[in-house]
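Single-structure report; data block below.
Should a chain be cited, it is by its letter among A, B, C and D, assigned in written order, with residues numbered from 1 in that chain.
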Amino acid sequence: MTEHIEKPIDHESPEVHEREHHIVSPKIYVMILLVLLVGTAITVWASYVDLGEWHVAPGLNVFWNPVVALAIACTKATFVVLFFMHVKYGTKLTKLTIGAGVFTFLILVGMTMADYFSRAWGRW
Amino acid sequence: MNFLSKEKGLLSWLLTGDHKRIAILYLVSITFFFFIGGALAGLIRLELLTPQSDLMATDTYNKVFTMHGIIMIFFFLVPSVPATLGNFFIPMMIGAKDLALPKINLLSWYLYMVAGTLGLYTMMTGGVDTGWTFTTPLSTHYVNTNVLTTGIAVFIAGFSSIFTGLNFIVTIHKMRAPGMTWFRLPLFVWSNYAASILMVLGTPVLAIAIVLVALERTIGIGVFDPTKGGDPLLFQHLFWFYSHPAVYIMILPGMGVISETVSTFSRKRVFGYTAVAFSSVAIAVFGFFVWAHHMFIMGISNYSTLIFSLLTMLVAVPSAIKIFNWSFTLYKGSITFETPMMYTFGFMGLFTIGGLTGVFLGTSGTDIHLTETYFIVAHFHFVMVGGMLMAFLAGVHYWWPKMTGRMYPEKISQLAALVTFIGFNFTFFPQFVLGTLGMPRRYASYPPEFQILNVFSTAGATILGLGYLLPILYLTWSLKYGEIAGNNPWQATGLEWQTQSPPLTENFPEIPIMDHEAYDYDWLDGQKEKEVASVG
Amino acid sequence: MSDSQVQVIAQPAEAHVHEHPPYQRHHFETYAQQNDATNFAMWLFLLTEIMFFGGLFTAYLIYRNWFYAAFVAGSHQLSIPLGGVNTLLLIVSSFTMAMGVWCAEMRKKGALVLCLSLTLLLGLGFLGIKTIEYGEKIEKHHVPGFHYSLQSFLDPSSDEAAKAAGDKPLPLDMARHTEVYFSLYFAMTGMHALHMIIGVSILAFMIVRAQAGAYTTGHVTYVENFGLYWHFVDIVWIFLFPLLYLISRH
Amino acid sequence: MSHISQVLWQFLVKWLTSFALYPPEASKIAPQMDALYFFMVLVSLIGLTIVILLVTSFSILYSKKRHPVAVQIEGSTLLEATWTIIPLGLFLIMFVWGALIYFRVYTPPANAMNIYVVGKQWMWKAEHAGGQHEINSLHVPTGQAVQLTLISQDVFHSFSIPAFRVKREAIPGRYTTVWFEATTPGTYHLFCTQYCGTEHSHMIGDVVVMTPEDYKKWLASSTSGASLAQNGERLFASLSCAACHNTRPDARGPNLVNVYGTKLALSNGGSVLADDAYLREAILNPSQHLTQGYAPIMPTYQGQVSEEGVIALVEYIKNLNSDYRVQQTTNTTELLPESVGAPQRTVPAGQKPAGQGMVKQ
C-alpha cells in the first residue's frame, strides 16, 4: 500500500546530497601544521614568563598564565577542527553537532563550578 | 514472506542486521530482565510487610533493592521503548529500509547482553549494596561487595545505550523518505530523537564517573575521597548530570508512544502537533540544566539550589503541555477503547500525578521534608512504572499486530490493563503518604506505625505482579492462536501501517513517498476509497 | 510547510540498483547518503567523547582552584621536554593522518600506506614516551594509592625535578593534596592513552587493508572517520599538555 | 494559605495526624512548610481533576458510538499559551515560596543554641555544649532556636526529623548546618535518610522535645563532668597548641581570643568569616587558610584528631573570650545549674595524655 512511484518527491527534506565532498589541498595541511607547531612553542615559552594577575576582587585573582595557555590551546584545537577535520567545508549539521557538544560541556563545567564558587558566598 | 520467515535458524538471528529482528532480540531480553527486577521488587515488598527485617537480613535487603534499581533502570527502563519499539518502528515510520548503522545496532544489543550477563553474575556472586546511585565514599571505601563488576556492567550498558541513541539520531537525520520533512515525522520519532540526544550527551559523563569510582576502589586514586582532599559531592554532580537526564531518556519515548495511540484511537490528528514536538526537544534541552535538584540538602550552595530549583520549574512545563494536548486530541474525536487506549488513559492519569509530585520535590522548601523518603520512591514509580511502563505496554499492544501479524486477545488484555492500573495505585499511592509521614527510603525495618500503609502497598504489588504476568501469557498464546491482524487493524496513519504485517525485511516493497502530513486521516480515507475503487 | 518546496519527479527506484558501487550498503539509497550518515555518526560519537573527557576536566578545574600549590608542585614533577616532544609527535601524526585522508581521496595507494604507517609510528612513539614518564612516576612513588610518597613535596631538595623548578617545601596538608593532582594526571592521561592504544590498533588494521587497496577505490569514509577520531585524540592532548605540564613554570 | 482560618487549619492537620496520615507539627517551620505543601496538594488536585474531567468527558462525548466521524482540528495557539503560562505561573509561585522556606531552614539565627552532631556508621552522636553526649537521641528544649552543626565521620548520612520538617545531610569532611525551634514537647522520630550501608535502617533514634525546665533538669542529670569547651581546652593543651597560639607579642600563631565570628584577613588576600567551618578547616588544612602575617608553619591535624576532637577544639576556640574563666560556655550556661561547673583539670607539662578526641594510634 505504499505510494506510487510517479508521485512527486521532495528532495529538499532528507539531508542527502547536502555535503559536497571538498578535498583540502596538502598546502593548507602544511600551513596548519606550522601554525600548530608555532602554537606549541608559544605555549611552552609563555609558561616560563610571569604574565601577572588581575585583582578582580579581594581574594579573587585571575592569573593570566592559564588564561593564555587555554586561549592558545583553544586556537590550536579550532585549527585542527576546521581544517584537519574539514569542518570549515562541512555541513551546518556538523557545525551544529560540535556546537551542541561544546555547549553541553560548558553547562557541565559552568554549572558545577558555579556551585563550588557560590558555596563560600556570604562567608567573607 | 516477511522478516520473520525470511531466514531460519539461531544464527540468522544472532548475526542479523535487520532492525526489526534486533528489536525482537531486545524485546525478549528486556522482558527477561524486567521479570528479574520484578522478582526483586516482590522480595522488597514482602520484606516490608512487617516492621522488622525478618525475611532477610539488612544487608541482603540492601543488595536486593540495589539490584532492583540497577536492573530496572539500566537494563529495563533505559532501553525499553527505544531499543524495542523505537528500533522496530523508527525506520518504518520515516520510510527507511533500516537504521543507518545496522552493525552498530547489533553491537548495541551484544553490549547490552554482556552488561546484563555481568550484572546477573554480580547478583549471583554476592551482589552489590551501594544503591543504584553508587554514592561515594560509600561505594569507594565502605562496602565490600562487587562494586567493580557492577560498575563495569553499568559502563557497558551505557555504551549500548549511546550506540542506540547515536544510531537513531543519524537515522532520523539522514534516512528519511522523500517528502518526510521534520514536521511530518510522527511524534514517536520526535520524542525518541529527543531521548537520543540525552543518551549521546549524558551517558559518557556517567561512564567517566564510574571509571573514577572503579579506579578509586582498585588503585586508590583520590578524586572523590574526602580523606585525600577530594569532594564526594563532585561524584554526585557527575552522576546526576547523567542520571537526571536519564529519567527523560526513560520517559520521553513513552510519551512518544502515547502520542501515537491517542491519535490512532481517537482517529484525530494530535492536537498542537508542533507544541508536542517542541516540548520533547525542550525537555531534552532543559533536562541538562536541572541535575542538582537531587542534591538540595546535600550541601550544595544555597544559590545553586535557587538556580536549579527555578530551572526545574521550567522543565515541568513541557510535560504539562503534552498532557493537555493529549487530552484535547480526544476533543471531537471518534474514540474507541482498545487495550492500548486503556493503557494510554492509565498513563495520562498516573503520569499527571507523577509529574505534579515531581514539582513538590523540585520546590526547594518542600524538598527538604520529602526527599529521601518514600515520597521520592512513589514519585519515581508513578513516572517510571505508572508512566513509562504503561506506555511501554500500550506500545507493545498497539504494535503487536504489526510485529507478529497477529492480534492479541482483546478482552483479557483489557482486563490486564485494568488490573495493572488498580494494582499500581494500591502499591504506590500509600507510599506518598508514607513519605509525607517521613518514612525513609531503603529501610529494611521501620517503625511499626507505618505498617498498615506498607501492607496496603505489598497487597497492591501482588495485584500489580498479576497484571504483568497476564500479558506475557496471552501475548505468547497469540503468537500461534491470535487472529490474523491484517496490515492496518487500527486504521492508523503511520507509514509503518501502510506495509504488510509482519513487514518485509527491508520494510517496504519500494521506498514510500510522504505526500501528506502526519496523522492525516483524510488521506487514509482517500487511500481506502482508491483501493475500493480499484477492486471494484 | 512543504508546499513551497521545489518538487521533482522521482526516478523508478530499480533504475539505481545496478549502479551501486560495491561498498554501498543495501539499505542506503545513494553512496552520498551512506557517506553522510557514517560521517555524522562519527561526529556524534566524538560528541560523547567530549562529554567523557568533560567530566575529567570539570574535576580538574575544581581541584586546581582548591589546591593550586599542590598542582604547581605536582606539575613540576612532569618533564616539559618529554611532554613537549609528545605534543609534537601527536601534532605531526595529526598532520600525517590528514595527509592520509588526502591520499585516499586522491587514490594514491602507496602514499596512503606511507601516511598511515607514519601516523602509527608517531602514535607508538607517543605511547613509548608516555611509558617512560609513567615508569618515572612509579619509581618515585607518585602513583596515587597505597604506595604514594610525599617525599618530593615535603623535601624538594631531595628531588631533582623539584630542585630544578626551585620548589619550596609544601606544608604537609598541601603536600597531601598532590595526590589529587596525580589522581587526575593518571586518570586524564590514562584515558587519553587508552584512546591512543585503541587508535593505534585500528591503524595497524587499516594499514593492512590499505595495502590491499581497500581505501583507494573511492570509498574513503573509513579513513576519513578514523581521521576524525585521531584528530580528536590530538585535540584532547592539546588541552592536557598546558593543563597538566605547564602550571606556573615561572 | 495564611488566610485559611486557624480553626480549619488545625482541623485539617490534626485530623490527618490523628489518622496517621500526616506527621505531627512540632517545630516553628513545620506549619509554614505544611502551608506550602497543602497549597501544592491543592494545585495538584485541581490539575489532576481538570485532566480527569477532560479525558472522561471527551471519552463519553466523543466515543465512536456517539461521534462516528472525527473532526480534524489542528490545534490552538491560544490554548497552548494558556496551558503554558498558567502552569508556569503556578510553578513559579511554588518556586519562590519554596525558596523562602529553604533559605529559612538553612540560615540559623544568630542566637541559636548550637548542638554538634556526628554521624558515623551506624549511629548519631550528639554533643551538647555542656558536655552532654547522647547516642541516637537528641534532647532539645521548646521555645529556643537550636542549630545543629553536622558532620560525618565516614559516608554521607542524613539527619531527618519529619515532625520538624527539617533534614540535612551529614557530609564527610565538611560542616553543614540546619536549625529548628521545637514547639511541642514529645518524642519524635529521628531517621538517617541517606543510604549509608548495611545497618542504614537501624540508624534511627528519638528526638525528645522538653519544656525548658525539664531540659534544664535533663542537662544537669546527664552531664559528663566537663563541658565540650573544657574537653577542647584539654585537647588544646595536650596538642601544645598554646606553644604558638598565645597572647605573647612574639607568638608564632595568631591569637585565638575573640577570634570566633570575626572577619579574618587571609594571606592570599581574601578574607573569611571565622565560623565553625573555618576553624575546622584551619585545624585540618592550615596552609590553605593562613591568617595574614603568619608563616605556614602549623602542622596539619588531619588523621590525629577525630571529628569529636575537632568539635571540642572548635567549641573551645569559640568560647575563648578574654573572660573565658568567668563565662565557661555561651548559650547553655544560663540553662545549666550553677553547681555543675567542674573544676579545671590541668595537664602536667611535658606529658601528653591521649585525651578524649585524639585518634588512637
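Here, contacts are C-beta pairs under 8 Å (C-beta built on N, C-alpha and C of every residue); 3 or more make two chains touch, one makes a residue touch a chain.
Bear in mind the structure is a predicted one, so any value in this text is a computation, not a measurement.
Chains making contact with subunit B as well as with subunit C: A, D. Between B-D and A-C, more contacting C-beta pairs join the chains of B-D. Centre to centre, using the average C-alpha position, subunit A and subunit D are separated by 43 Å. With centres set at the average Cα position, the gap from subunit B to subunit D is 37 Å.
One simple way to say how far apart two chains are is to compare their mean CA positions; for subunit A and subunit C this gives 15 Å. Spacing of subunit A relative to subunit B, judged by their CA centroids, is 34 angstrom. Shared contact sites, meaning residues of subunit D that touch two or more other chains, fall at 285, 302.
Annotation for subunit A: residues touching 2 or more other chains are 5, 7-16, 93, 100-101, 104, 108, 112, 116.
In subunit C, the positions touching at least two other chains are 2, 10, 13, 29, 33, 36, 40, 44, 47, 50-51, 54-55, 58, 62, 66-67, 176. Those residues of subunit B whose C-beta lies close enough to touch subunit A in the complex are 173-182, 197, 201, 205, 234, 237, 241, 288-289, 292, 299-304, 307, 487-488, 498-499, 508-515, 527, 531.
Taken in their complex, subunit B has these residues touching subunit D: 53, 58-59, 61-62, 129, 131, 133, 135, 137-138, 142-143, 226-227, 229, 231-233, 266-269, 271-275, 296-299, 302, 305-306, 309-310, 313-314, 316-317, 320-321, 323-325, 327-328, 330-337, 345, 348-349, 352-353, 356-357, 359-360, 362-369, 371-373, 433, 436-438, 440-447, 449, 452, 521-522. The part of subunit A that touches subunit C in the complex is made up of residues 5-19, 21, 23-26, 29-30, 32-33, 36-37, 40, 43-44, 47-50, 63, 65-66, 69-70, 72-73, 76-77, 80-81, 83-86, 91, 93-94, 97-98, 100-102, 104-105, 108-109, 112-113, 116. In the complex of the two chains, the subunit A residues touching subunit B come out as 1-3, 5, 7-16, 93, 100-101, 104, 107-108, 111-112, 114-116, 118-119, 121. Subunit B contributes residues 96-98, 100-102, 104, 162, 166-167, 169-171, 173-175, 178-179, 181, 183-184, 200-205, 207-209, 211-212, 215, 219-223, 228-231, 234, 237-238, 241, 506, 510-511, 513 to its touches with subunit C in the complex.
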